[in-house]
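Heads up, there are several structures right after this.
You will see two complexes here that share chain A, one where it goes with chain B and one where it goes with chain C.
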Partner chain A sequence: MIMLRNQHTRKVVLQAVYVLVLLAILITGVFSAQANMAAQGLELSFSFLWKATGWDMTFSLLPTSSSDPYWWYLVSGVVNTLFLGIIGLAGATLVGGVVGFARISSNHGARLLGTVYVELFRNIPVIVQIFFWYALANHLPSPRRAIEFGGALISNRGIYMPGMNVEGLYIALFYFVLCAYFIGLIWFVSARRFRRVDPAKRRKVVWGLSICALAIETMLLYIGKPVGEVLITYPELKGLNVQGGYRIQTEVYTLAFAIAIYGGAYIGEIVRGGFNAVGRGQHEAARALGLSTWQEFSRIRLPLALRAMLPILTNQYVWLVKATTLGIVAGFSDFFMVIASSITHSGQTLEFIGILMGGFLVINFTISSVMNKINKAVALKGHQLRM
Partner chain B sequence: MYASTNAVEIRNLQKFYGQYHALRNINLSVKKGEKVVVCGPSGSGKSTMIRCINRLEEHNDGSINVLGTELSDDISNIDEIRREVGMVFQHFNLFPHMTVLENCTLAPMLVRKMPLAEAEALAMKFLEKVRIPHQADKFPGQLSGGQQQRVAIARALCMQPEVLLFDEPTSALDPEMIAEVLDVMTSLASEGMTMICVTHEMGFARKVADRVIFMDAGEVVEEGDPESFFTNPQNERTAAFLSQILSD
Partner chain C sequence: MTTLISAQYKPTVWMKVQKNYFKNWRSALLSMMCFAVLGGIVWSIVDWGILNATFSSTARHTECYANGGACWSIIANRWRVILFGLYPYDEQWRSITACFIVVATIAFSCFPVFWTVRRLSLIWLVGAASFFVIMKGGVFGLSLVSEEQWGGLALTLFIFVGTVLIGMPLAIMLALLRNSKLPVISKVTGVIIDTVRSLPLISILFTFALVLPFMLPDMLVGEKLYRVIAASALFFAAYQAEIIRGGMQGVPKGQEEAAQALGLGYYQRITRIILPQAFKNALPAMINQFVTTFMETSLVTIVGFFELLASANAAYGTGEWNFAFVEVYFFVAAIYFAFVFALSRYGAFLERRMAN
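Right, the complex of A and B next:
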C-alpha cells in the first residue's frame, strides 16, 4: 500500500481504474442492446443506409428525391442544419452587436430599449418564440395579395426575393469566394505578422485581393448563368402563383429569424460584458495619449473586448446550433427532422440516434475547436496582467 | 508661441463629486522645466488635481491653462493639451494586447501621423533611455511591475510631451522595483523635463524637486522648496504628515 502514496503512481492507477470501468459499462451496454434487439428480430447494422427512403424532404438545398438512399438524406439534413445554423448565428451576432452597443450606450433611451429587448427575448422559451413567428408568418396575405417591398413579395407561402438567375453550384461557389475574400482581408489587415509591411505595399495587396475576388465572382456568375437569359429575375404574380426570383420558405426564414432574435439577446449580453471587462485604466491611458474616441475604440476597446467575449461566444454558438433542432416544430427538414422521419420509416432507432449524436458532436466540436484556436492565437500573453 | 513661461497655470480650481468638495480653490503655477512634487494623505485630492490638468477629471470652476491653451469644453483644446501633456499612472495601464514597441508607437503614429519606421526608431530611443530596449517585442504581461512602469514612461515620452504628470508611479510596485523607476525619473528631471509628480517617495522629492506641495482635505496647505519643507514645516498638518511618513 505504500506504493499508492506516491502521487504519480496514484494518478496512473486511478486513471486505469476509471478507463476500465468505463469500458466495462460500454461493452455491457452494446452486448445487452444486441441481445435485446436479436430477441425482437432486429439487427444492429448500417446496411439500411443504402436503401431508398421512399419519402420526400420538404426543404433541401441539395437535390433530393424519394428514390435517394438514406445516407444522401442524412447529408442533405446536415447541409440544411448548417445552412440554418450559419444564417442564424450570423443574424444573432449582428443583432447581439447592436443590442450590446445599445446596452452600453451613454444614451438613456438606447439603454432602456436594449434592456427591454434582452429581458423580453431571453425570458421567453425559444420554442414559444418559434411558434409565434411561424404563426405570424402564416397569417401574412396569400401570394395573390402579397405585400410588395423593394422588389420582394411577402406572402404566407414565403418571401419571394429578386434572385440571380445562376445555377446552384455556382451560387454556392460565389458565396464561398465572398467569405474567403472577407476572411482573407480581415486577416491581412489585423494579423501581427503583416504589421510591418510597408503601407504602400499594404494598399497594393488589398487592391490586388479585391480585384482578384471581383474577377472570380464575375466569372462565376457568367459561367453559372444560362445562356441568353437575364442575370437578375424579379418575382412576378402570374395567375395564382408567383414566378421568378428566389422563394424563401416560411419555415426557413421564421426559424432563422427566431434564432437570430433569441440568440441576439444572449449575445447582446456577451457583447456588453466584453466591453465592461475592458479596464478603465486602458481607457484613461488612451485618452491621456491624445487618441480620439474612434481610435481608442478601434485599437484598444474593441480588440480587448473581443478577447473577453470569445470564450463565452463559443459556448453560445454551440448552444444555438443545437437550438436549430427545434426547427422540427415548424417542419423544417434539418438533420434532426430527417433522423426523426428516418426512424419512423425504417425502425432503426438506435443506429439513427447514434448518427444524430455523432453528427452534432462533429459539428459542435468543429465550431469550438475553431473558436478555441482563434482564442489561443489572440490571447493576452504573460502573467503580470493589470486590466 | 506663448508669452508666459508657465507650463501649467491653475487658478481658483474647484471640483465637486456630488456634494463632496474634492478640490477647494487650488492655485498652482508650474514653470517650464520645473519639477514639482505633490504629497499629502490619501483622499487629499492630489491625484484629482493632476488628473484635472489633462481632463481625465472635469473641473467645476476656476481655470486651467496648459502651455498657453485654456482647458475648456472645446474638444480641440483638450486634444491639443493631451498631445503635449504625458501621463504615467499608478497601475501603468499599458495596452496588454500590444507589444512593448507597439505600445510606444501607437500614439505617435495615430495622433502625430508619424510613419512606422520613424515611430519605431523614436520608440527604441526612449526604450533605451528607460533601459529596457531588449524587451521591445515582449508583451506587457511578460514584464515585471517595474519594467512595465518604465515602458509606460517610455510610451508617454514617445509623444514628446512638454509636461509629464506622474500619478503615484511607484505605489503599486514592490520595494526592489521602486528604485529602478525612480532612477529613470531622476534622469528625466536632470534633462529639463517639466514634471508634476504625486508621490510618497520623500527621498526622491528631496533629491529632485524644485518645489514640494502639501495637500490635505482638497486644499494646498503648504508649499516650499524641499529643504525648508522637510526641515522646517510651517503648518502643523504638514508636520504631522511628515512625522508619520518619515518615521518608517
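Right, the complex of A and C next:
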C-alpha cells in the first residue's frame, strides 16, 4: 500500500492492470471459443481456407463455383465490395457535386431544391432506402413486358444493356487499357514534371497516346470477337427470357443507386461547406482584379474549396465503403456477406471474424492513405493554406 | 455617413425576390425550372397520396388499382403490425405508452434546465426503467410479455434508449482513457476505438448477436436483444468518445492548470472543469451522433429483430398486400423522418444559439 503512494509506481501498476484486464478478457474469449469449437469437432487453424465451399455466390465479378476454396470466395467478396464501392462513390460524388453546387448557387430556387434533396435523403435511414429501391426494382414488369429504353430492356430480372460480343478476358483488358489511357492522360496533362515541356511537343504526345490507345482497343475487340458475329448485341425477348446483351443484376444497380443517392446528400453538404470555407476576401479580391464570374469560380473558389473539402471527403468515403456492407439486405455477395455465409457453413467463427476485421482495416487504410496522398499532392506548396 | 447609407438602402421583399430569383434571364430560367421540378414532385405526391388514393380499410388490390393512387388501406389494416410487431393485441396500449415515455424522455433532455449530470441520468434511468416495466410487465398486475414478442416502433426506441444509456457513460470513459497521460492506457484505448470505428456497424452487430455466445462463458451470454444493444452501444461509444475528445481538446490548457493550481483532484477537475466545457464545445456533433445512431437502429433488422423496418417488410410481405410496398415504406420513412428531422433541427438550433 505504501508502494502505491509513490506516483511512479502507481502509474506503472495502473497501466499494467489495464492491459492485463483487457488481455484476460481476450484470452477468456479465445479459450472458450476454442473449447466450443472443439466440442463441434473443429479446431482453430486456417487450413479450412483451402477447402471447397459447397455453396454459390449470388453475384461475382470473378468466376466462382461451389467447388472453389474459401480463400478464392473471400477474394471475390473483396473484389465485389470494391466494385460496388467504386461505383457507389463515383455516383455519390457526382450527385453530391450537383447538389452542393445547387446549395451554393446564387439562385435561391436551386438552393431550395438542393435543400429539399439533402433534408429528405439524409434524414431517412439508408437501409430503408435500400429496401425501398430494391422492392421497386423487384416490382418492375417481368421480362415479357419489359420497358424498352434506348436499346436497353428494364425488367424485374435486371437491366439488359446492349453489350459487346467479346470474350471475358478481352473485355477486361479493354476496360483496363481504357482506364490506363485516361489516368495516363490526366497525369501527363496535370503533373508538374511535364509543365516545362514545349506545348507543341505536349500536343504531339497527347495525340500519340490517343492513337496508340485507340489502336490497342480496336485490336483487342477484333481478337476477342467470335469470328463471323456482330460486335454489339442488343437484348431481345426470346420466349420467356431475354437473350443477348449484358444483364446488370437488380441488387447491383439498386445498391449502387441507393449509395449514390444517399451519399450524394452527405457529399453535397461537404461541397457546400468547402465553398463556404473560402474566405469572402478571396472572392472580393478576384472581383477587384477584374476576373469574370467563371474565372473567379474555376481559378479561385474551386481550387480553394477542393482543398478544404478533401480531408472531410476522406472520412465520408471510408464511411460509404462501410455502408456497402448493407448490400446483404439485397443479397449482394460482398466481403461481409461472404464472411457471414462462410461462418454459418464452416463454423470457423474466430478465424473469419479476424479476417473480417483485417480486411476492413486494410480497405479503410488504403482509402485514407490514397486520399492523404491526393491531399498532400494538391496542398499549396511553400506556404500555409490560408482560409 | 454609414448610418445614412444604411438608412437609405432598405431592400424591399420584391427587390430581394428579384435579386435571388430573377437577376438575369439565365437565373430566371433556372428558377422556373427548379420550381417546375419541385411543383411537379409535390403535385405527383399529392395526386398519388391524396387525390387518387384509396382510404377505405376494406379496399383491396382491385379497388386501389381502379383508383390509381396510393392504397392507404394497407396502413389501416396493418398499422398495428408496423408499430407493435408481435406484441399481444390486447396489451398494445402498453406499447404505445412506452413509446410516449421515450419521446417524453428525449423531449425533456432537450431543455437546458436538465443539463446536469444528475438530472440527465435521472431522467434517462427513470425513462428506461418505466419503459421496461410497462413493456415487459410481470409486476403491478401487468401480464408478462417477453422480449421476443417486442417489436415495431417500441423495439426501435428501446434499442435507441439502451444504446444511449450504456453508450454515453462508456463514451466518456473511453474519451478519458484515450486522453490519459499514461502512455500505455491511452495507446491501447486508441487502438480499441480505432478498430471499432473502422468496422462497419453491421459486422459488430453480427459478431455480438451470432458469434459472441460462442466466445463467452455460458453464464455471461444473456438475451440476444441485450447483446445487440451492447454492440450498438460500443459502436456509438467509439464515435462519441472521439467527439468528446475533440471537445476536450478545445478546452484551453489554462483551465486545467488553474484547476490544478487551486488544488482540485483528478475527479473534481474532470467533472467540474473539463467535461462541462468539453460538452459545450462538442454538443452539435454529439447531437449529430445521436441522430445517426437513431437511424442505425434499423440495422438490427439484419440480425433478425422485428423492429420498425422489419415489421414494415412483414406488413406488405403477404401475397395479398404485395403490391402496396410504396405506401408501407412511405409510412415508415415518415416515422423515421419525423424523429430524425426534429432531432437534427434541434441540433442546428443549438449550434446557432451557441454561435451567438
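Basically, the second predicted complex is superposed on the first by the 338 of 387 C-alpha atoms of A that agree within 3 Å, B and C clash if a C-alpha of one lies under 4 Å from a C-alpha of the other, contacts with A are read in each partner's own complex, and residues count from 1 in each chain.
Just so it is clear, a residue touches a chain if its C-beta (ideal position, glycine included) is under 8 Å from a C-beta of that chain, and two chains touch if they have at least 3 such contacts.
This structure is a prediction, so every number in the text was calculated from the model and none was measured.
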Determine, for the superposed model, which of the two partners chain B and chain C contacts more residues of chain A.
C
Quick check on the superposed pair: does A:Cys212 touch chain B, chain C, both, or neither? Answer first, second, both or neither.
neither
Determine, under the contact definition given at the top, whether A:Ile186 touches first (chain B), second (chain C), both, or neither.
neither
After the superposition on A, what does A:Ala285 contact: first (chain B), second (chain C), both or neither?
first
First, second, both or neither for A:Ile147, with chain B first and chain C second:
neither
Looking at the overlay, what does A:Ile232 touch: chain B (first), chain C (second), both, or neither?
neither
In the overlay, answer first, second, both or neither for which of chain B and chain C A:Phe132 touches.
second
Where on chain A do chain B and chain C both make contact?
none
If we count contacts the way the header does, which residues on chain A are in touch with chain C in the complex?
11, 14-15, 18-19, 22, 28-30, 32-33, 36-37, 105-110, 112-113, 116, 119-120, 122-128, 131-132, 135-136, 139, 318, 322-323, 325-326, 328-329, 336, 339-340, 343, 349-350, 353, 356-357, 360-361, 364-365
Residue set of chain A touching chain B in the complex reads 195-196, 199, 279, 281-282, 284-292, 295, 299-300, 303-304, 307, 378, 380-387
Give every residue of chain B touching chain A within the complex, in rising order.
54-56, 79, 82-83, 85-87, 89, 91-97, 102, 106-107, 110-111, 115-116, 138-145, 148, 152, 155-156, 159
Flag every residue of chain C that touches chain A in the complex, lowest number first.
20-21, 23, 27, 30-35, 37-38, 177, 182-185, 188, 192, 195, 198-203, 206-207, 210-211, 214-217, 295-296, 298-299, 301-302, 309, 313, 323, 325-326, 329, 332-333, 336-337, 340-341, 344
